[in-house]
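A single structure is presented below for examination.
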Amino acid sequence: MTVRAGILGATGAVGQRLIQLLEPHPEFEIAALTASAESAGSQYREAAKWRINMPIPDSVAEMTVTETDPGEVSDDVDLIFSSLPSSIGEEVEPGFCEAGYIVSSNSSNSRADDDVPLTIPEINADHIDLIEVQRDERSWDGALIKNPNCSTITMVPPLAALEDAFGLDSVTVSTLQAVSGAGYSGVSSMEIIDNAIPHIGGEETKMETESRKLLGEFDGAEVSWLDANVDASCNRIPTLDGHLENVWTDTTEDATVEAAKDAMRSYPSLDLHSSPEQLIHVFEQPDRPQPRLDRDTENGMAIAAGGIQETETGLQFNCLAHNTLRGAAGASVLNGELLLERGYL
Amino acid sequence: MTVRAGILGATGAVGQRLIQLLEPHPEFEIAALTASAESAGSQYREAAKWRINMPIPDSVAEMTVTETDPGEVSDDVDLIFSSLPSSIGEEVEPGFCEAGYIVSSNSSNSRADDDVPLTIPEINADHIDLIEVQRDERSWDGALIKNPNCSTITMVPPLAALEDAFGLDSVTVSTLQAVSGAGYSGVSSMEIIDNAIPHIGGEETKMETESRKLLGEFDGAEVSWLDANVDASCNRIPTLDGHLENVWTDTTEDATVEAAKDAMRSYPSLDLHSSPEQLIHVFEQPDRPQPRLDRDTENGMAIAAGGIQETETGLQFNCLAHNTLRGAAGASVLNGELLLERGYL
Amino acid sequence: MTVRAGILGATGAVGQRLIQLLEPHPEFEIAALTASAESAGSQYREAAKWRINMPIPDSVAEMTVTETDPGEVSDDVDLIFSSLPSSIGEEVEPGFCEAGYIVSSNSSNSRADDDVPLTIPEINADHIDLIEVQRDERSWDGALIKNPNCSTITMVPPLAALEDAFGLDSVTVSTLQAVSGAGYSGVSSMEIIDNAIPHIGGEETKMETESRKLLGEFDGAEVSWLDANVDASCNRIPTLDGHLENVWTDTTEDATVEAAKDAMRSYPSLDLHSSPEQLIHVFEQPDRPQPRLDRDTENGMAIAAGGIQETETGLQFNCLAHNTLRGAAGASVLNGELLLERGYL
Amino acid sequence: MTVRAGILGATGAVGQRLIQLLEPHPEFEIAALTASAESAGSQYREAAKWRINMPIPDSVAEMTVTETDPGEVSDDVDLIFSSLPSSIGEEVEPGFCEAGYIVSSNSSNSRADDDVPLTIPEINADHIDLIEVQRDERSWDGALIKNPNCSTITMVPPLAALEDAFGLDSVTVSTLQAVSGAGYSGVSSMEIIDNAIPHIGGEETKMETESRKLLGEFDGAEVSWLDANVDASCNRIPTLDGHLENVWTDTTEDATVEAAKDAMRSYPSLDLHSSPEQLIHVFEQPDRPQPRLDRDTENGMAIAAGGIQETETGLQFNCLAHNTLRGAAGASVLNGELLLERGYL
């Protein structure tokens, strides 16, 4: 028995990745696709400008796209994956939750809300039980669970490994982010060819807040955010997929390169369908990880790290993840798998 | 009367930029071009794979290229601009100095030597008198003066402004560097299309040492390097020209964004031919400076800064410079102009 | 005395180029800027996302943008440069002509109309007198004059030289077009990084029809289009500016490479302000022209040609022009200069 | 039983692709790797700058690389895949053939030789028996078989379909070629970012001669080349993998778009391990095929076609293939499979 799943925002860049991941998924089946009003009523093949280097799955190509409204989605759908612009997500996701749907959302709205679980299953699966608090407070039959921003997901697993091993006092991060993170129409080619843009609106704040919530402690009632200073500078570069990040940490205890590598390599993954065998792949070559060479590691679901060095006050390293797989669609699917494993579905 | 100048390594990416700058220069005239042994004897037009978007100047196109050897360069040449790979620079530059030539070099060898002036004229012109110490120690009639690495030049002017205004305790920098910084054959297109490389061999060390020497105090006998921790992480991205850098500083005194902007904008330029009207252009738009839009500011000789923000312990900002103009060829030419103004030529 | 000029669509990619060209222009002054309704009322600095690597001219930055409506443009404006999407151009340009404005338009609507002059001044300046026919037929005080599509402009000057020298029976052309030809939001970076697109909607037809009209004969009443078959295949590639084209021609008379070079090099330019000294620059190196190296030849207003070879039935060559300068904004300005010289202003 | 295979030039871009294809191959096993003298003696992991987005196979990473000399390769190797620069291929391949090895070569030397089979198995498998003629003439125990150039392979399958259906009188082709076709150090990033190069040395001649040999008739003694005029213009663009081509054909008989699609879609593939299920995939969307979206069709071994239109004298279409898979390494492997099936191994 598979869980029937709907995709909100199915024609966008992340929506297409959700289809790529869900179509062959053993636990989920795609049962509903929504998009903006202009696309509603047309076949997915017509509605989407498909950009992935594999054909649209046949089973999806001829599905009819509906409006993004709970009344348009069949009642036998149990799980909703949401990949909407945050302003629209903010508007429509609560309606789905009220209507009884469990929503695994990649949209950036509500991620910092006290009663909304923000999870990377391998890192803080226990936070998922914030759903109980949420249902109490919001009187929802459904539930809303979020995955973090793509640039946050990239650095949090290695940071979690270092936090466990040495404690983290502060984090400074500079990102080199791929254009697909901004969606299909997010970055014009005239902006980015032979260029780089040292600013991504709102991204720095997302990294600074989400990482502290993810690395926080959940006591059954609330999450105490990690007490560390996080400072981010975000850049867009002419790369298609894969966010690369330079990270500096001040550690509470003294850290060595070897101990840091051990901590990263031994950080446990999970047994969920989309989890990689090894969560963090640590490269020894100083010029790795690189976006084009390493973003597809373990189907794009692993985190790649390298360039680990000691500094005066801690450690420096680089990390990389596929931003639309591990950083977006894959993150939502993984949260869906966690919901299923924990009995919420 | 113009100074007759020779160019060592005239066919390379920086050599071509030197020709672009020197050909119309009112104080210098190009009198000698050297390259590797294979090119010696051929016309410059044949020897060079010209990559600049203007034609080779007529006066240069038909000059004969010689080997990089003092014996091959006419005695009536007074000034040598050197843009050689560092291993070759190390080998041949001392010979030119012994033979009486003054060498303004962009090559990375000897930059950290105690008796070699490493100068950005607007920042530390007084260091040039290390030449006296150098001549005492090395018994040269000529002299060797260096400009720093392109990635160092980009950040040092804004750092100098902040050091003057608030004092610097530490600097952390992440770079997004253009491919031209590696020279014509430095970065294969197969390496960099749809990619980024989080490592540039030796570059981090150059930034960490050169910046401290440049910001140090010269007492007439030696340079006391700036006592601050500098930590760099260097990345290559698919951009042609223009290095962009994210910088974090811990300042000794409290700093505000407005005071930092004032310090940068009021930092004095010089009256040298190639100096910009304003050394540091501070942008108010958060998404500037950008390489393609801002690298050519004031003929590529200005530093662009932006994104200035306060942090827990100091300031964060972005900066940008044209790496083969301000960061290499223009830096050497500017040092030549300083040598002339100070009477060394 | 300068002619007061307005720019329709002033915030777009071509509109920005028009400002770049008109601001320092000795014959024209910018007196009005229009854009879409959302931008109307705001300063140009706010309304435009400026993408050119020079600052917005001060005199323009603070001008107020109005709606694209004749009633919103001051009566003392004499000349209108139009750079609107064709659907909007079709709607609003006639209103400006009725209201007495002379419109030099880059928009693609009406280019094939019998009574609308489609001109490249160096090629078919005499066609401009179609304005008389137009005024008779349309009872306009103003007039509408068009420049061709950027990809057409690139190949027509060398084709005109070959037509004059040998006669043309057929033309086959494959284009490699820069992204700026599609405007700021025309090509998403997700579409074009590490890619090429073998189709540009409507472009092939434009090249096939416009080139025949441009190379046709005007007898004072109508233009007899060139009787030659023109067949185009249009491709978008990841280049910012500069359209490169591979052209094959069947010539009526036998042609040699040397005679073809002579014909191109000796093809006359005009004495208009924006005309290049030499209209067609012929390169001898087989790997030229190249977009980045050659698009700026003579301020981006020259045509570059190269790779001329004999084939079984005629000649093969490559050509290149800067698509937003010679191919769009510069083409409209040049038509404005022609209107002025011929007494229409 | 698998055939033991050696790879000449194993560290290059095509050599790496050969390893990618041969390591999991059911019929071949990698038994020898050669490279230049400097690499000889080192492990493959050290010798190669691996650029493919999967790790080096473990079984290969620790193999020792030898010099490219028959004496250095074990006698129990039966088949040699050669991916050498043509000047080196010309020098060393005959020695391997004399020493008894069968050489399936991607190097461009000898492709036009009368007694050397040049084959695309799905197109002209029967030409392989030129080996008999070759052995007679050259007294070799081994044999030399070639696959064509990457840009030739891309267009020949659709041309073969059209030749069978309508007859071909002439072919005109313009290519948009990826940088990987020039090998790892073939195209500098400084050459190609924001640029295109309208010339690839020798490539036009290769396309013009090889396509006529491939489409020729073999009568058991010699190949009569196709009697058609082929005219090519070759361009390099900033794309990593995948050659896109615009092709015009004059057909002997009248051709329609539908008949052309049928001819292409029904052109038979083979039952060899690396042959695609369908040799030519015909796209209906006018903007396909595109390199990034379509180069991996059927593991990069299919040919993609689209944009088929009627012209005055024949047909126009676009085609695409993965240049280092179908166009190089995969082509050599496929020839190896053909040799095995036909009993030459």
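Chains: A, B, C and D, in written order; residue numbering restarts at 1 for each.
In this section, a residue touches a chain if its C-beta (ideal position, glycine included) is under 8 Å from a C-beta of that chain, and two chains touch if they have at least 3 such contacts.
Predicted, not measured: the structure shown is a model, and the values here were computed from it.
Student: Please work out which of A-D and A-C is bridged by more C-beta pairs in contact, and write that pair.
Tutor: Of A-D and A-C, more C-beta pairs in contact link A-C.
Student: At the interface of chain A with chain B, does the proportion of residue numbers present on both copies reach over half, so same, or stay under half, so different?
Tutor: same
Student: Using the average of all C-alpha atoms in each chain as its centre, how far is it in Å between chain A and chain C?
Tutor: Roughly 46 Å separates the two chain centres.
Student: Can you compute the centre-to-centre distance for chain A and chain D, using the mean CA position of each chain? Integer Å is fine.
Tutor: Spacing between the chain centres: roughly 41 Å.
Student: Which chain C residues sit where two or more other chains touch them?
Tutor: Correct list: 51, 193-194, 238-240, 292-293.
Student: Okay, in this complex, where on chain D does chain A touch?
Tutor: 51-54, 193-194, 240, 292-296
Student: In the complex, go through chain A and note every residue touching chain B.
Tutor: So the residues of chain A touching chain B come out as 170, 172, 174, 176, 193-199, 229, 231, 233, 235, 237-241, 244, 246, 248, 286-293, 306-307, 311-312, 316, 318.
Student: Provide the residue numbers of chain B that touch chain D in the complex, in ascending order.
Tutor: Contacts found on chain B: 13, 51, 179-180, 184-194, 238-240.
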